[in-house]
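Please read the structure below before turning to the comments.
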């Protein structure tokens, strides 16, 4: 695992993540988000989580972001016209975010295992798709069923909420 | 029997809600209640050995809450007071224009709360029953009140609500102060435990303070009294009668029933505080009473002031003082109910209770004047009325505490000041009587009051009933004292 | 054991109840019931007096076992028996007199109920054998006096006077009750006998004893209208005249003196207390006499003379002679009742005119009244041979022995008494009529004159030992001092002649001493005192309670809570971004307190 | 060598960026995207923990990865419903701007 | 004897049958589905009294996610009762739904509105049993997502949509923190099962700071669910904007589920002293905020929202005092009285309005509704002989037992505030004159339900033992 790989994709992810919240144009934000997710998928891969990396690309960068773009297009959202920035709100929000990060950073600093070097896996390691799948359908059967219901409910909800109005 | 007493008003209220004629039903139930109370009083055997007419149902095993009723002399006297005043209050209710049913229902609920509290042997229900009256009082003042009724209703409700939660904390602490396994809300068991020293002294101090504040708010102990004058001034007469006459005695009853027997050391510890506060009631509130310019406010303040005497009796914690306090509760209940009833009738006729607008009513309403005069005498503690007998006992009881040759100590000074309070109450009551009934009638208003006839014959009966009650007790205080004998243990006789 | 005393006591009470409950609308019947009751009591009293019954059953009024009990028992010693006889006798006469005087009054039933209540209370005081029982009736006397003074309650002055009388009495009662408590807590007894037995417990603590005795004396100061609580008595003349005669002259005000005599053993035990009592009596006697000289209202003059005579009695008590006090009490009762009824007769016939300057020449128009009134006056000023002479002489003789200054002031008072009474007689009864009514008046009806004549007898001869001794233990003077009657008679002559000289044929007041006519400005001073102490305190307390305790603190708390809620509510601005910010802030703060605090 | 701390810091930064987006942006759709960033920041931490904290057999702790799977699924469903609501809002109000939806307050 | 997990399955099956039926129902009256749903849920409720004893929790597999202990069973029933009552309300609310869901046919949308709560109910029931963070997460999200839909259901109403969006964003935000918090806890302990987390917290030598960090973030999300300060900020707006039955569901079901999870999550973490302190702080703030901010309210629905925050405060006092019984009892009382109030709100609000002044003279227009609301209000205020009082009684007792003097003092003060704002409604109903004299009609079912609720409030206020026994 090369540090270069890590830092590269980290930077990619963070830069485009920042772009998401900086861009004035929603389309640009959405596209930045796609890139960000791809960077994230790469980091998953760097952690030997190939299955999740794939899912990340397929579900997030693929399906979810398409949905976002689709909606943005549907609503025909252009770049936001400049509104007066409420500096108080902006400053407050930024301050909260920064403080939160420093708290987080302090916690990580405090963490004994933070300096854990990258452990090597034994040669006889199982395939991660296999392992995750086994767990998912075996041990995690109940949550999986619940997720199924969740998706059913979401489906119904989306239908109810966006059924066309007839006048 | 007690079950019947507790549930009769509730039953009547339900019937009224279901459509039976309101006044008739209320009157009937009140009359039956009064009759049953007399029967109970008659059947009661004043022998030592606790409560009689017992009945008990378990409500919560894990908390040892039982719905248990029972009465001894003290509770019987309070029940008698409640029944009498309820009867008179219902009787005295003028025709109600809006929501007549609701009015009687509220009245009956207030009474049921008082009766239930006095008959309960379980602290939980003792407390809960008192609270039963809270919302009806709010409605009574709010809907049918006069003057600044809105503010009065809020104040009394929130004040009493908070006060009773303080009381609740005290009761919970009391419950918790007993070692695990013996915990109970049953008064009798708690008495046994307390008698065996089951409640530690520091805990007693804590609990007594909470109970004092909680009960104090309910009884309008200085400085927690400011709800009372306004509430009584605004309340419709029957509500004021019931509340000031009966319900307010709950707090004092609680102190007599709980605080003293269960927490003797706590009572000892806070004695000085109690004395200071009760003198606040007698002197400070007494003076404030003099300053009042309206009858309703004045009566409200006077009812606050008189609580000081009862507290004095309780604080003295000896046989004389406690008996005095108990009789005074009864006496004051009757007299203040009578005063509020008459004030309400006067207000109905003259549309004002401001002293400077009134005068010479004695000519127009001789019976009202006569009755008010008797009530005035009762209120200022003249012989012949129950108040006198009770106050005498209170004074004797209090004066004796810690008396020696060196001079006046706490209780002696308190008694002297309380005696001065008698002068104060004479001043304001007589000023009021002078302003309302005596002197030349005010010409401009007299014309309007031509339509102010004296009390009708129907209304005279409850007045006579109340007067008779206070006179009988005043002439023969032993009638109550003999009933009370088992309540206060003879061991108190040894108290200084 | 005899129930007769109880019957005597309770008959008037029965009358009260009967009148109040049943016969209120039937005025004449009410009056007759009341008269019957008092006559009944009088008969009983007479039997008791002559048969010397000495015991009556007693009851426990309050019974708390061994701890505390208040008995209702009757004391039937010579003192109370003769007092009983006197009170019922005078009372009966005045009841009868009232039949005439109040004949057409609207509130006759109420009046007679009040009289009966008064008789009941007064008899109770006389018969009480313990402090609490005495206090009970003591208070009841106050009530009945309130009722009777305020009989004509539509009159503002009557209403005020009634209130004043009651409250002033209450102030005295405050001390009385305190004294009772002190005595009780020391001796453990309420009954007079018990206290007397245990008196040694008190005498060993002289300060305590003095204070207790003086507290008890406070009661008498109020009831017997001694300085400084005397102000109610003159005002009490607003009541109907028979009332003034009965209670503000003959009996009720005497209750204070009677009580002092009853508990004489207590006061005698403390020399300081005795001194105070004597001086209070002396001051009262003198001040009242001075005030009387400048009054124009016939009843007020008599009222001040009553004050003055009460001062003599208290003085006698203070000089440790209950017998002398009682002697004067008895003679005074007779002649003062006589005087008041006489003045009532005048007032009645003059259609309630009370100003002596509007009278004149009445001696011819009301001969019986005049004669009896004259007898009363002579008795009052202590003309030798008349009853007042003997009793006043007894007191002055005492004073002469004990304290010369008191004696001098007492003699001065006697002089003044002669002066103002002569003034009254000359102005009101002699000379020429100075008003229409005075000129046309006739004699009162027989129902009023007969009591006058009956009362004139004891007023005239009551002082002679052969008569008085039947009723009283007369004070036995060790050595007859000739100087005392001589000085007294000298004073009398000076007073009478001075008045004759000044007032003969006058139609208006020749001298004006505002200090006296305005009663030393004491009423004004009290009004001022009350305004600046009690009323001020009351307004202050009322203000604090309404605006500070309730207004500022209670309402402030509730208002503060409400405003707090209002401010908190403003957090809910509706903007999602603000919500996000608050959420984030919440997270940061929560983490801070979780981890870093 | 890349340590667990590095991963945690990076994922924390991603989470914070998302958080900041929620706090700072006023377009609801972008806020919604930022929420996705936050979830993904959490996911990265989870995977990192699962990779760095091997189980007794020396295998990655796959439980963490399963959790990530659940999170992704839930997020997808949430996005679907959320976008439906936003669309409905836009239809009713013609706006996706948070400052325009403040009728409910106080 | 029925195994516990069958209950959820039964509820799900019921929901699906109704959903399918709805699809083929054509133009028939959709209220029949609500009735069917109610009956079905009642059947499940009855069945819940005949459960087989559950096996002890396992280290893996089904029983490591799912617990059927008394607490779980209790809150399953709680969820069922809530849902039944919400459905009853929903029937009365149908006209407003029809007006709010613009669609082709009159009945459109109703079927979904009646069936979604059933799925939510299943989520609530799972949540009651969840003993693993993964399970907690998925069932919580099931509930949340169904509430997204329900809150914005009447999408023609801009207020509803506004509420929906606010709920969506803030809820998603809290989900983010939940996930991140779970991540940290997982990272430190390597476990998601609460029992095993507890074990590793006691045995292993673990960094306390990161654990607390994770716990804090989880607490953020749970506080959001139970509407505890400082994460209560969404409550008033969302409660006011959402369709009334949904508000009721949200304020009872969602909150109760949040408390169950809180109780379960707290159990392993209580060995950390900071946790107790934190809870006390949150409870105090919640009490103060909820009660104080309710004082100036003039909208009844919003008032109930603040009151819901306030009651969360009381329950948190119970939580901080570690008294599961008192928490459970309080929640039951809260269920009864809140749903009673909302039931009246549905009956009155749809025709008159939600402002308190709209309730002026209700006693004249409909004595029954006024009485019902009176009982509801005084129960919420904590007047004896109502379940609300006993709830407060047990809570205060627990707090006193734990010597939480501070909380007790605040509790007493806030009870005073409560008297004010609850009685404000009573005042409107009884003192003030009605603006219209138009009488209100109440459907028989609602009347029956309200009567039942009133009876339950009073019976539990006198005889609490059934609830106390159920938690043994």
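Every chain is named by a letter (A, B, C, D and E) in the order it is written, and numbering of its residues begins at 1.
Following the convention adopted for this analysis, a residue touches a chain if its C-beta (ideal position, glycine included) is under 8 Å from a C-beta of that chain, and two chains touch if they have at least 3 such contacts.
Since the structure is predicted, the reported quantities are computational estimates derived from the model, not experimental observations.
Colleague: Tell me, which chains sit next to both subunit B and subunit C?
Modeller: Under the touch definition, subunit B and subunit C have E as mutual neighbours.
Colleague: Taking mean CA positions as centres, which chain lies farthest from subunit A?
Modeller: Here the answer is chain C, farthest from subunit A.
Colleague: For which pair of chains is the number of C-beta contacts greatest?
Modeller: Going pair by pair, the biggest contact count turns up for A-D.
Colleague: Rounded to the nearest whole Å, what is the centre-to-centre distance of subunit A and subunit E, using the mean of the C-alpha atoms as each centre?
Modeller: The computed centroid separation for subunit A versus subunit E comes out at 31 Å.
Colleague: Taking the mean of the CA coordinates per chain, how far is subunit C from subunit E in Å?
Modeller: Inter-chain centre distance comes to 76 Å.
Colleague: What whole-Å value do you get for the distance between subunit B and subunit D if each is reduced to the mean of its CA atoms?
Modeller: 65
Colleague: When the centre of a chain is set as the mean of its C-alpha atoms, what distance in Å lies between subunit B and subunit E?
Modeller: Comparing mean C-alpha positions, subunit E is 43 Å from subunit B.
Colleague: Where in subunit C do residues touch two or more of the other chains?
Modeller: 558, 569, 572, 574, 576-577, 580-581, 584-585, 587, 591, 595
Colleague: Out of subunit A, which residues touch more than one other chain, so two or more?
Modeller: Residues 92-93, 96-97, 100, 103-104, 107-108, 111, 113, 140, 143, 147, 150, 154, 157, 161, 165 of subunit A each touch two or more of the other chains.
Colleague: Which residue numbers or ranges of subunit E touch two or more of the other chains?
Modeller: Answer for subunit E, listing residues that touch two or more other chains: 134, 137-138, 141, 145, 148-149, 152, 155, 165-166, 169, 173, 209, 213, 236-237, 413, 420.
Colleague: Could you list each pair of chains that touch, in label order?
Modeller: Every touching chain pair, ordered by label, is A-C, A-D, A-E, B-C, B-E, C-D, C-E, D-E.
Colleague: Taking the complex as given, what residues does subunit C use to touch subunit B?
Modeller: Going through subunit C, the ones touching subunit B are 20, 60-68, 70, 132, 135-137, 139-140, 142-143, 146, 150, 153-156, 158-160, 162-163, 166-167, 170-171, 173-174, 177-178, 181-182, 184-186, 205, 208, 534-535, 537-546, 549-550, 554, 558.
Colleague: How about subunit D: which of its residues touch subunit A in the complex?
Modeller: Interface residues on subunit D, with respect to subunit A: 1-10, 12-21, 23-27, 29-30, 32-34, 36-37, 40, 43-44, 47-48, 50-54, 57-60, 62-63, 65-66, 68-70, 72-81, 83-88, 90-91, 96-97, 99.
Colleague: Would you tell me which residues of subunit E are touching subunit A in their complex?
Modeller: It is residues 12, 19, 60-62, 64-66, 101-104, 108-109, 112, 115-116, 119-120, 122-123, 126, 132, 134-135, 137-139, 141-142, 145-146, 148-149, 152-153, 155, 207, 209-210, 213 of subunit E that touch subunit A.
Colleague: Over in the complex, which subunit B residues touch subunit C? Could you list them?
Modeller: 155, 158-159, 223, 226, 230, 284-285, 287-292, 301, 318-320, 323, 360, 362-363, 370, 377, 382-384, 388-389, 392-393, 395-397, 399-400, 403, 405, 407, 415-416, 419-420, 422-423, 426-427, 430-431, 434, 437-441, 477-478, 481-482, 485, 490, 493
Colleague: For subunit A, which residues count as touching subunit E in their complex?
Modeller: Per the touch definition, subunit A meets subunit E at residues 103-104, 107-108, 110-113, 138-143, 146-147, 149-150, 152-154, 156-157, 159-161, 163, 165-167.
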